[in-house]
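The two complexes that follow have chain A in common; it is paired with chain B in the first and with chain C in the second.
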Partner chain A sequence: MSVFIIRRLMQSIAVLFVTAVVVFLGVYAIGDPVEMLISPDASPAERAQVIASLGLDRPMWQQFLTFLWNAVHGDLGRSFVFNRPTISLILERLPATLELTLTALVIALAIGIPLGLISGLKPNSATDEAIMTGSILGFSLPSFWQGMMLIMIFSIWLGWLPSTGRGELGSFLGIQSSFFTLDGLTHLILPAINLSLFKLSLVIRLTRTGVRETMPLDFVKFARAKGISERRIVFVHVLKNILIPLVTVIGMELGSMLAFAVVTETIFAWPGIGKLLIDSIMRLDRPVVVAYLLVIVSLFILINFVVDILYSLIDPRVRLGEQS
Partner chain B sequence: MYRKTFYAAMIASTMLASSIASAATLTIGSATEPSSIDPQFSRTGNNQNVAMQIFDRLLETDTTIGIHPALAVSWKNMDPLTWQVKLREGVKFHDGSPLTAEDVIFSLTRAKNIPNSPAPFSGNVAAIASMTAVDPLTIEFKTKKPTPDFIEQVGFVYIVSKKAAENATIEDFNSGKAAIGTGAYKFKSWTPGDNLSLTRNDDFWGKKQDFDNVVIKFISNDASRVAALRSGAVDLIDAVPPGDVKTLSSISGLKVFSIPSARLIYLALDSSRDQSPFVTDKDGKPLAKNPLKDKNVRIALSELINRQLIVDRILDGSGEPAGQLVPPGVAGNEPLIAAPAYAPEDAKKRLAAAGYADGFGITLHTSNDRFPGDAETAQALGQMFARGGLKVNGVVAQPYNVYTKGASAQEFSAFIFSLGNSTPTSATGLRNLLMTNNKEAGTGSFNRVRYSDPTFDQMMQEAMGEFDADKRIALLQQATTYVFQDMPIIPLFWQKVHWAGKATLAYDANMTEDTSATLTKLAK
Partner chain C sequence: MTQPVLEVTNLSTHFPTRRGVIKAVDEVSFTVGQREIVGLVGESGSGKSITGFSVLGLVDPPGRVVSGSIRFQGEELTQLPQKAMRAIRGKRIAMIFQDPMMTLNPVLSIGTQMVEAVLAHDRVSRTEARNRARDALGMVGIPSPEERLDAYPHQFSGGMRQRVAIAIALLHRPDLIIADEPTTALDVTIQSQILYEIKRLAQEFSMALVWISHDLGVVAALADRVLVMYAGRIVEAGPVEDVLSQPAHPYTLGLMQAIPSAVPRGEPLRPIPGMAPSPLARPSGCSFRDRCQRATEICSAEPRLDILADREWRCFHPNEGRAA
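Let's look at the complex of A and B:
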């Protein structure tokens, strides 16, 4: 296991370095941040002052080496726009996104797995057809439009739920989150649903396929012959076997939800990192874009790592393979 | 008699109760958000919106950028290099300490030393040679050279408290510790990306504000901002998309507040070089001579444009056809210059006179996310030019962040750009946009097409050196008349800007596109 971890670590560092080079070069090739930042009635002297203070008067290789040197020392630079360390900007907004993503994930799993099971156990029934048709909707509705519709229905017509912002934060065990206040929770509902609908459909389909594939297998027949209750067969033996593809896909999707919940965050004015990324790209806040992508790559590496460990917990064969 | 008084008292008390209930909190949905609470960190609009509620300046502007005394009550120049400014008496900072000349001197010194500021106020204080406090409420300024618009320069710098800001970092401002101003509202909290919270400053020197608390929510998406207003989550929104103006004003209980802003949308023409990258002959081959150098061609292009049609069809009416830099109402506007009329016949004659009776080929460039209808406007211009006999080789639309670099690097031949005038006269805009690009002289910093006319430069220097305000404006008008006869850029329209809010509110729609609680009142 430790060999595995060390090898993984080395690979991760290589990936991070390559990302840093590609992203830095890519981002620095686009546009001129001074044009974006400067005031419309600036004088030439002011412009020169800004260029010098942002370090943009130096050649690109010099800027890159400075960036790399600082990055190795744990400093990913300061934002052009906010003049604050990029890492603290990102970490400040990460909780909001985590909160949204986890809620969406819980919704997707809590509704998706049971519906998938029902469909898979009674294929081609009316219920199955209804669930499958519903999931097509979940797949194909564009997130942007879907978000506007949710706002239209639940905020404007019915007036039940708020449509923008994160709401009041409560604190529990030192953690600040909207989970702990009613206002916070009501603000969370619409964006979380919007973000979860696609994943929900995905979970339904994955579960259904898994169940359909597993049910005819010999061990299920054997378990039935042994007289084990149908309930136990489905919820213990079948479910365990279909979890592996589910965990793989969910791991990947969790990463992409964290990184690119941009659309949902923009529509619902949710102060998360996706919105920070889009704003930073528009304003050419290069340090933030680079730091953001590095943080996201690290997150992906971490999530994949956790997924690998989960495999070995769910599937004994993975553990056995490692030992031999 | 008694009964009458009783009724009056009843009505008064119910009115009071209802107005208090609704006046308690004002929630604004704003398209932009500040990058810092430090008012001197950046002078771009998004930061000014916030700064103007917590801090004050020596001057304040009205809806048409006219200047009025704020922290300064009077100013006069003793000789061309000396100015004496009197400060307002009895002004208190949010921490209770009084405003003195020391705070002002400190603020004006600090303005040029903000670390890593992306848009510093250093230009506003560049003219100052020295400052002395004559008494606690009087400051004497010496300038490096005669500066007639001196007060307009220093008057726009936000004044911070020396005590609170002396050793403060940007984090101290963002947390509120150093956000001590003299403004109408006090800082309460800021959650970047989400909201800014303010409370009323009851010791404010100016008019008492109608709201106890103000919450500004940052909603960058247009549709979401409109939805937030319609669902009642916010009371007022800014940057209403032109397409939604009609819908919103037809909803009872809502009201739209509009004004043509001082943001000019124009077509820049590469008129200074002998070869221009995107001008060709009719077959797409390079031309020996750049036709855009010819004044007749530029005027012809302007005459081929039906400005009113663009405003009506593309902008849903949210524009005002323009023929010069600043709109009526802003000092320096020349009322005699109307927006050029649509005159295709005359244009053809001019093109023929210039030797392009068959037209020539041109490619238009534009941004596609900078202001409503930018890409569509370029397409319409393309069609209008084609109808006038030109061969339009293409209309290229790019995202603004990529586009600006190309525009400034002289990579285009004809491109759409905008200039928001935020100063009280047209002088700054004319200087930056049309005077010869010259780093040493500090002129032409946004003169992307490198237009240059020595006579105009001379006229502008004369205008900017004139101490008599009325004469200065007359000189600016003359310079404007002179330069727009040469059509250095083709003015298209001034963008109309809109706010929308509950009908119980009144908002001061303003040309500088400011969104602020200080501009919001309860409707009478």
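Let's look at the complex of A and C:
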């Protein structure tokens, strides 16, 4: 176990370093922030002074080393635009995104697994066809279009749910979240559904495929031959086997949900890190973009770690530290 | 004469497919007496497993028992509702499958899979169920059974897994065990150990046993009576010594000449020429007709069942020197 954690940590550091290099170079390619930050009628002396204060006059490798040195010390730079540490900008908004993503994940699993089971146990029935058709829609309609439709139906026509912002925040155990007020929850519903629809379709399909592949296996028949009830066969024997592929894919998708939150956050004006990213790219606020990407990569690493632990809990054949 | 444990009469189990109906089991009749060991032999695809599954009501859809009767201790099983059938499975009739690598659920511990089998039929405490599981493991020769309960299937060898499956079958001391080629997937030494073990346990608990195999040699060593199955039908039946010393049906003779242990050293093995007919295109009349050296015109009619004392066969030209 400890070998596993140490090896993991070293891998993570390597991944973060490579990400830092790639991101730093990449962000350099997206334009010169000076043009955006300094008014066109500033004198050349003022200009030079601003450039020097931002450290943009030095060669790129020097800027990178400075960045790296600071990053190792927990300082991911200051935003050009807000003139505040990027990390606090991001941490301020991360809860909103996590809240959205986790709610979407819970929706996807809580609805997707039962629907997938129903579909898989009665393949080609009318119910199955209906569920599959729904999941094809969830897959193929673009997320932004689904979001706009949700707003149109539930906010504009029916007027049931708000369509922008995070609503009132409540505080519980020192955590600020829209989970804790009714207003916050109503604000959360539409964006969370929007973000979950694609994953929901995915979970349905994975579960259905899993059921269809597992049901004909010998161990299911053997369980029946023991006289085990059909309910226990489905919810213990089959479901536990399906969890293995489900956890794999969900782990990967959770990361992509954090990233895809960009679209949803933009549509619903959700004050999360996705919106911060878009704003920062528009304003060429390089340090924020770099810090954002590093935070996302760290989250990916963390999620993968949790997934591997879950694996070893679900599947006795997997032992931590033995996989390559 | 005492009532037989199992009485199968004119049993037919069919699989409707797009290309036609597969008559996996076709008008099969046989009985199994109390404490009797009956061997069911035939080539691959002859319908042995489906016969076994039919008895337990475990034929996979779209297959189903289309006609005939299965009486178990006087009770008709084909008409039994699911719930009543489940109470019989594992409790009064148990089954052991061919491939021990596939019969146990890989993600549940041996203990879980045994305890659930106890609890499916008996209202006892978990501790009591666990003790019974442990004792059953000990009985089939698994060392340190208490600890092994917490192990998972992948931690056992093939032979040990088959012993676990046998232990599960023995948990409720059933009246009948259907063993579907339980040693085929194991190597020869382990095969004979398990054969010996099962025979001992069947006698000890006075259980009746249906032993399915494609190897007449194995059946000869174990069974009291043998049923020879070809293309969904029983073509010969009788006491094992009589059938093996004087086979009546040309197919039985063919099977005997194909077993390594029965052919004198130095003489070549003679596999039966040709292949078993496709279940969708069986010849009319005797389905062994196009592989049979004795076939004549008349064999294009259906041979009826000839019964002489305790032997029976379906053939127009049975071998000379058969049961006198």
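Points to keep in mind about this one:
Rule of thumb we're sticking to: the second predicted complex is superposed on the first by the 310 of 324 C-alpha atoms of A that agree within 3 Å, B and C clash if a C-alpha of one lies under 4 Å from a C-alpha of the other, contacts with A are read in each partner's own complex, and residues count from 1 in each chain.
Convention: a contact is a pair of C-beta atoms (placed from the backbone, for glycine too) under 8 Å apart; a residue touches a chain by one contact, two chains touch by 3 or more.
On a predicted model such as this, the values are computed, not experimentally measured, just so you know.
With chain A as the common reference, the superposed partners chain B and chain C fit together side by side. Of the two partner chains placed around the shared chain by superposition, chain B is the only one that A:54 touches, whereas chain C remains out of contact.
Within the superposed three-chain model, A:165 lies in touch with chain B and out of touch with chain C [touch as defined at top]. With both structures placed on the common chain, the touch criterion links A:217 to chain C but leaves chain B unconnected.
Partner contacting the larger number of chain A residues, of chain B and chain C: B.
Touch criterion not met for A:64: it reaches neither chain B nor chain C. By the document's definition of touching, of the two partners only chain B reaches A:46; chain C does not. Look at A:152: by the touch rule set out above, it reaches chain B but stays clear of chain C. Our angle of interest has its tip at the CA centre of chain A and reaches the CA centres of chain B and chain C; in the overlay it is 160°, to the nearest 10. Legend: residue contacts after superposition of the two complexes on their common chain; A:283 is shown touching chain B, with no touch to chain C.
In the overlay built on the shared chain, the residue A:316 is in contact with chain C alone; chain B does not reach it.
Taken over all C-alpha pairs, chain B and chain C come no nearer than 46 Å in the superposed arrangement. Touching of chain A by both chain B and chain C, each in its own complex, is seen for no residue at all.
Interface residues of chain A, counted against chain B in their complex, comprise 30-32, 35-50, 53-54, 78, 80-84, 89, 92-93, 96, 148, 151-152, 155-156, 159, 162-166, 266-269, 271-272, 275-276, 279, 281-284.
Chain B meets chain A in the complex at residues 29, 35-36, 41-44, 115-120, 122-123, 126, 170-171, 174, 191-195, 217-221, 223-224, 227-228, 230-234, 369, 399-402, 404-405, 408, 419-423, 428-429, 432, 438-439, 442-446. Chain contact summary for the complex, chain A toward chain C: residues 216-219, 221-229, 232, 236-237, 240-241, 244, 314-317. Of all residues in chain C, only 53, 56, 58, 60, 86-91, 94-95, 97, 99, 102-109, 113, 116-117, 120-121, 152, 154, 165, 168 touch chain A in the complex they form.
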